[in-house]
Amino acid sequence: MKRRSLAAIAPYLWLLAFFLFPFLLVAKLSLSDQALAMPPYAPRLDLAAGVAGIASFLKALDLETYLRLASDRLYLVSYLSSLKFAAVGTVILLLIGYPMAYGMSRFPPAGRQALLMAVILPFWTSFLIRIYAWVAILKPQGLLNAALQGLGLPALSILNTETAVYLGLVYAYLPFMVLPLYAVLERQDPSLMEAAADLGASPLQAFWRVTFPISMPGVAAGALLCFIPMVGEFVIPDLLGGPGTLTLGRTLWTEFFANRDWPAASAVAIVMLVTLVAPLVFLQRRASTLAAAS
Amino acid sequence: MTSRQSLGAVRSSFAPWADPTATPLVRFEAVTKRFGAETAVKSVSLDIYEREFFALLGPSGCGKTTLMRMLAGFETPDEGRVTLEGQDLAGLPPHQRPLHMMFQSYALFPHLSVERNIAFGLQRQGLAKAEISDRVAEMLALVRLEGLARRKPDQLSGGQRQRVALARALAPRPKVLLLDEPLGALDRKLREETQFELMALQQRLGMTFLVVTHDQEEAMVMADRIAVMRAGEIVQTGPPPEVYEAPNCRYVADFIGEVNLFEGQVETADGRLVRLSSPVCPQGLEAAEDDPLPKSAAAWFAVRPEKMVLHPTPPPPGPNLMQGKVADIGYLGDWTTYVVEVAGGQTVRAARANAARVVENPVDWGDTVWLTFARDAAVVLSR
Amino acid sequence: MRPGPSLFNRIAVGLGLLFLYAPIVLLVVYSFNASKLVTVWGGFSTRWYQALLHDDQMLAAAWTTLRVGLASATVATVLGTLAAFALVRHPRFAGRTLFTGMIYAPLVLPEVILGLSLLLLFVSLGLPRGLWTVTIGHATLTLCYAAVVIQARLSSFDISLEEAAQDLGCTPTQAFLQVTLPNIAPAVAAAWMLAFTLSLDDLVVASFTSGPGATTLPMRIYSQVRLGVNPEINAVSTLLIGMVACGVIAAYVGQRRSTQRR
């Protein structure tokens, strides 16, 4: 029996080395200063210098980068707009995803399987390509405006606006919202609705007082599953939001690749991580209860 | 009891447990198993003899499956030891133990056909191909599944799957066959048939069977001896008639079959007769009992419903007589059960065989009736 | 009985699917457009596919992506299988909470964080960035997906099958290879497929962890897209979508056939 636990060792070590340990590096770097060198930060830990090396290394760490982040409006704006995009996007996703998942769960089993497949399939096709498809549709001389023109309607300029970002977020994350909702709705015993009707509830009342409360774990799971990655989303705001749209993901990217300010990028990552810890822990709890329920 | 008399209606000459010179095949010696803070098995000692059909009986969670899994090697005892033919099994992993198990879920390998399932254990023993196919054919014939050798488990009915699982566990000729709730997944009719099949098979092969079950009827029908378990401990071990007719405590009396328990205080107990004072019966209760009991101790008379006699008219007064109103009647076809509410609010069950099609004085709900039982129909229990 | 779908249900599902598929369909259709202008239909043509064949940079990127995908998916599936096994079969072991946290977190954590942290690791180790660092990054990301897929199958797998194998004479390792693995093989295959497509798809982690000469296809596409819509990108996208769709549908049909046989 004991030998089985050996199975965990390889993936455990891998994740410690390539997932957890790097986070510590990010945290350390966020406390370092930018430098004109390669790699572009100071101080570097000099283990050869022994205890003195470690001490001088620790002394050089400070909160300067965070103070810089706090004083620059750019970071605050991108932080708040990231949260806004993620929150509003999650609400829109719920409003679209719930009726869809509910509708799917009403189909006979064979149809349900095919629909489930149809929802999952886009998830397997490239994320980048699907966002790119929207660029072609939304751009000023794009397919949408061509269609509107054909109908004699005025052209819309959606690309490089917040609307485009929302469209992209909803489009890309819809399967993540529909799947957990569908999972709880499909499992629900149809006789519950019949029992509610039998006890005098109208279909709408039965939905609000029976189906919806029971589906709450799915709602919570779907919402978190979408909200968390959307906070750090990079590709969608970058391709659809235009240069004026600031988000944490883009700011991190710009600091890192364009400004070569690694400490700032690290600090942004840490801020993002701290923001997401609570929803992450919550999702983890949900995941285990959802798994236990199924 | 005279020598012509015996408990229950069965006479059996197979009783190695009564022979002090016989050596047991399997021994549990003060075995304890804990899961965290919970003790699943508490210092259980148990001997199982060769060719015996032994049943571990108890409600779910009583530790019976854990006890069996310690024999199979899937659990390790925390204290005590388990031996097979006198050899300590400690440290021997499951795959090296000459015992095989029929799992509750059957655990048939879904990716293998029936014949390859049966051959699985034989291949591990390293037998020659020809021998394996002979043995598989023999096993298929034994469980009457000759035509289904190439089917996959999911193409079989529940009863067929059960027989494949049986054949698979029997094929490598285990020293003891362990059966975990072997009939649990079958419907009632099939279960009854299969009980007798299992018994016939065990007789024919001359093998030792250890079965775990929560179904008292199953254990009663099949087993040579039953060990009744409760909360990790064995409460009573004995042949079915003994366990049924001479339970050693209220738990066993109640768990196996139905029983009426009359509580009272000992008035006299002279080594032949016990008299209890009890609110249900003004003239007191009397039962034949060899062991003397201390005066005014609490004691219980356990009387099976079929040993209660129901009178539509009052019989002559005497001990073991109670009067009551019929609260419920359950007509089962072969039997009718009457639930009678007697003095003190206790309900007493009396069962009558429906020996005749037409009944002279039928009893109705609410009728006043009288119940009696014979002195030797009651078992005196002190715990 | 479950009531059938109402008109409202049908409309909700229909519109949802239309929303999901319309952009993809338009993209595929316009990859066969003879005109260079995205909005004008200039007749059917495969010229953009021919152009792809002569785009050496694109071909090199595709080759890089393919190698990274194959290697990282294989590593991820092996590690993911082991991780799933530990998660399902070991309710308690030292550090289990941390372990499950590390398995689930990468599923939702923004990829920019993972990418940045991996890059810092490679820099501090002095590892030259290239094909292998991208592979490690993708394996880390996708091993979690693989673990979750296999875990779902394993937890519905009857453990008494493994015990039965041991009871009949298999060592634990033999029991795993002879009984467990054949039965969870479809899930392992699905996990590999998922890991492979995720690797094929990833832009963010690859951008952080790759170095000169290891440009992956998504990185190449991204740099082209930033310059504007380009019919050649439509063509390469269509190829990618077609490839993945075929794989997924084949897996689905295969699975259905195997369940129908039961």
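Per-chain residue numbering starts at 1, and chain names A, B and C are given in the order in which the chains are listed.
Operating definition for what follows: contacts are C-beta pairs under 8 Å (C-beta built on N, C-alpha and C of every residue); 3 or more make two chains touch, one makes a residue touch a chain.
Since this is a predicted model, take the numbers as computed values, not measurements.
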* Which word fits how the chains touch one another: line, ring, star, complete or other? -> line
* Structure fact -> The chain whose mean C-alpha position lies nearest the overall protein Cα centroid is chain C
* Between B-C and A-C, which chain pair is linked by more C-beta pairs in contact? -> A-C
* How many Å are there between the centre of chain A and the centre of chain B, using C-alpha atoms for each centre? -> 58
* Distance from the CA centroid of chain B to that of chain C, rounded to the nearest Å? -> 55
* Structure fact -> Distance between the CA centroids of chain A and chain C (whole Å) is 17
* Structure fact -> chain C residues touching 2+ other chains are 172
* Contact footprint of chain C on chain A as seen in their complex -> 3-5, 7-8, 10-12, 14-23, 25-26, 29, 39, 96-97, 99-100, 102-104, 106-108, 113, 115, 117-122, 124-130, 132-137, 139, 141-143, 145-146, 171, 174-175, 178, 190, 193, 224-225, 228-229, 231-235, 239, 248-249, 252-253, 256-257, 262, 265-266, 269, 272-273, 276, 280, 283-284, 287-288, 291
* Residues of chain B touching chain C in their complex? -> 72-74, 93-97, 99-101, 103-105, 107-111, 120-121, 124-125, 152, 154-155, 168-169, 172
* Where on chain C does chain B make contact in their complex? -> 158, 160-161, 163-172, 174-175, 179, 182-183, 261-262
* To do: Flag every residue of chain C that touches chain A in the complex, lowest number first.
  => 1-6, 8-13, 15-17, 19-21, 23-24, 26-27, 30, 37-39, 79-80, 82-83, 85-86, 89-90, 93, 95, 98-106, 108-114, 116-118, 120-121, 123-124, 136-137, 139-140, 143, 147, 152, 155, 172, 194, 197, 200-201, 203-204, 207-208, 218, 221-222, 225-226, 229, 233-234, 237, 240-241, 244-245, 248, 252, 256
